[in-house]
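Scrolling down, you'll hit the structures one after another.
Here subunit A shows up in two complexes: once beside subunit B, once beside subunit C.
What follows is the complex of A and B.
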């Protein structure tokens, strides 16, 4: 770590103590089924031994934002941050109940889920506007990152001057191409991980301490 | 393959769900039932599908009823609504508007019909806004 980074960290720690800055609230955002809840569960389990919410292959399983406060993340050098982690519903521009009936869910339940998922997107955007200090933007590395919703969301996050780490998830799958995500968002740090298997999450923790601290 | 999309000519196997949902290639909602001996008639006799549809008895033409406007008049990012409800359990979400405020303008079914959530417009400003105001 260079001297400048060390100095910046010391200064930010000093300012935090001096001004009693509250802990950072980090939102995990991204399209449905990118692995947001899997990562949120891993972070909370790694650092508190707990879990945050259920995971499913059905999109929009998380339809309300879930929050865990006071999670301390540290590294071997004695650096640490205390964050509130917010797992948000997947942000998308279209929700149709057929997405759920394809998984064998009855129409009535599917319509209800679609309505809740829509409310969930509104809630996720509300959090982003009002109460988030930094963003982990999750992408499924097996899919094309150049989708309109991703470009739009990263643009919205940038326009709010929020620090963002882009996570290229699912690198355990053979089709994963984290390089494609790096080339899509060269202006932001991109960390390839497997949230499911835990591959590379230590790199993500290190980056979070550096970036959100 | 007893059904053909009358817009693009794509063929569908017997019992295909696409005939109920709409053509995955062109979004067409009208399908013509074609008997095996007439399957290639449109190509071999150079007869347009439209003519075959006109000649066919009514029971051979299957049309999916359109409940709501399938294509909004304007792209959603240019429109005033925050969320458009296209039908039960079917929504279009304008995330750019949601990123600006909680104020809800709901588009209903056909273009030009809106619901306005006045309560959402009366909510007090959020933390970030208050902080900015105090700073001033």
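What follows is the complex of A and C.
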């Protein structure tokens, strides 16, 4: 860790103690099916032994923001952060209940899920405007990072001056290309991981301590 | 009867005269009527955030399914420390933006400097 980073962390700790800043709320954002809940579960399980929510291959499985308070993340050097993890519904500009019927869900249930998903997206946007101090932006590394929703969301996060770590997830899959994500968002740190298998999550924890601490 | 899609190109000057909420309402009303809207200058991040929220409120089963929206990625920001301190370097310049109904406008290909899209009639 360089001198500037150390100095920034010391100043940040001092300001937090001086102003009695509440612990940071870190939102996990991204499009549907990027692996947000898988990562949230892994973080919460690794550091508290618990879990946050169910995961599924069906999009919009998370339709309400879920928060886990007081998660302490530490490293071997004695550095640590205490954060609230907020797992948010996948952000999109379109929701069609037929997305759910394609997975064999009955129409009535699919319509209900679609309505809950629209409410969930609006809720996620509201959290971002009002209640989030930092963002982990999850992307599926097998997909095109230039999707409009990613460009819009990163722009919104930047405009709010929130610290953001971009996670290139699903590197366990053969089509994964974290390099494409790095070239799409060169202004932000990009950490390639497999949330499912746990590959490189220690790098993410290290970056979270450095970035959100 | 000839089938077609209405395309509205809205100038930067016209957009500048509208408040954020007027812009969002104009876009949603046009798109919900099945039209494609092209903005000479795109929305601010705050307006984009509100547009996503309001779009979600308008979605209905077998009716409006949301929007498809395409713009170029923001240009690399210059300005240095002073510009950032005084706000000059933070606001991403919003660029030409096309917005349409999700079930009519499909992106075919998108790169840093090229957007190729397909528009179908209802």
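Following the convention adopted for this analysis, the second predicted complex is superposed on the first by the 213 of 213 C-alpha atoms of A that agree within 3 Å, B and C clash if a C-alpha of one lies under 4 Å from a C-alpha of the other, contacts with A are read in each partner's own complex, and residues count from 1 in each chain.
Note that contacts are C-beta pairs under 8 Å (C-beta built on N, C-alpha and C of every residue); 3 or more make two chains touch, one makes a residue touch a chain.
What you are looking at is a predicted structure, and each value in this text was computed from that prediction instead of being measured.
Asks: Record, for the superposition on subunit A, whether partners subunit B and subunit C clash or fit.
Replies: Clash - subunit B and subunit C, as placed by superposing on subunit A, overlap.
Asks: Counting only touches as set out at the top, which of subunit B and subunit C does A:152 meet: first, second, both, neither?
Replies: Both subunit B and subunit C are touched by A:152.
Asks: First (subunit B), second (subunit C), both or neither: which does A:73 touch?
Replies: Neither partner.
Asks: When the two structures are overlaid on chain A, which partner does A:131 contact: first (subunit B), second (subunit C), both, or neither?
Replies: Only subunit B; A:131 stays clear of subunit C.
Asks: By the touch definition at the top of the document, which applies to A:144: first (subunit B), second (subunit C), both, or neither?
Replies: In the superposition, A:144 touches subunit C alone.
Asks: Touching A:166, do we find subunit B (first), subunit C (second), both, or neither?
Replies: Neither partner.
Asks: Answer with first, second, both or neither: which of subunit B and subunit C does A:208 touch in the superposed model?
Replies: A:208 contacts neither subunit B nor subunit C.
Asks: Looking at A:95 after the superposition, I want to know if it touches subunit B, subunit C, both of them or none. Which is it: first, second, both, neither?
Replies: Touch status of A:95: both partners.
Asks: Once the shared chain is lined up, is A:184 touching subunit B (first), subunit C (second), both, or neither of them?
Replies: second
Asks: From the superposed pair, tell me which subunit A residues show up as contacts to subunit B and also as contacts to subunit C.
Replies: Correct list for subunit A: 91-97, 111, 114-115, 118, 121-122, 125-126, 128-129, 152, 156, 160.
Asks: Using the touch definition from the top, list the residues of subunit B that touch subunit A in their complex.
Replies: 21, 76, 82-83, 88-96, 98-102, 104, 126-128
Asks: Residue numbers of subunit C touching subunit A in their complex, please.
Replies: Subunit C residues touching subunit A: 44-46, 48-49, 51-53, 55-57, 59, 61, 65-71, 73-74, 76-77, 90-92, 102-103, 107, 110-112.
Asks: Which stretch or stretches of subunit A touch subunit C in the complex?
Replies: Against subunit C, subunit A makes touches at 91-97, 111, 114-115, 118-119, 121-122, 125-126, 128-129, 144, 146-148, 151-152, 155-156, 158-161, 184, 187.
Asks: Give every residue of subunit A touching subunit B within the complex, in rising order.
Replies: 91-98, 107, 110-112, 114-115, 118, 121-122, 125-126, 128-131, 149, 152-153, 156, 160
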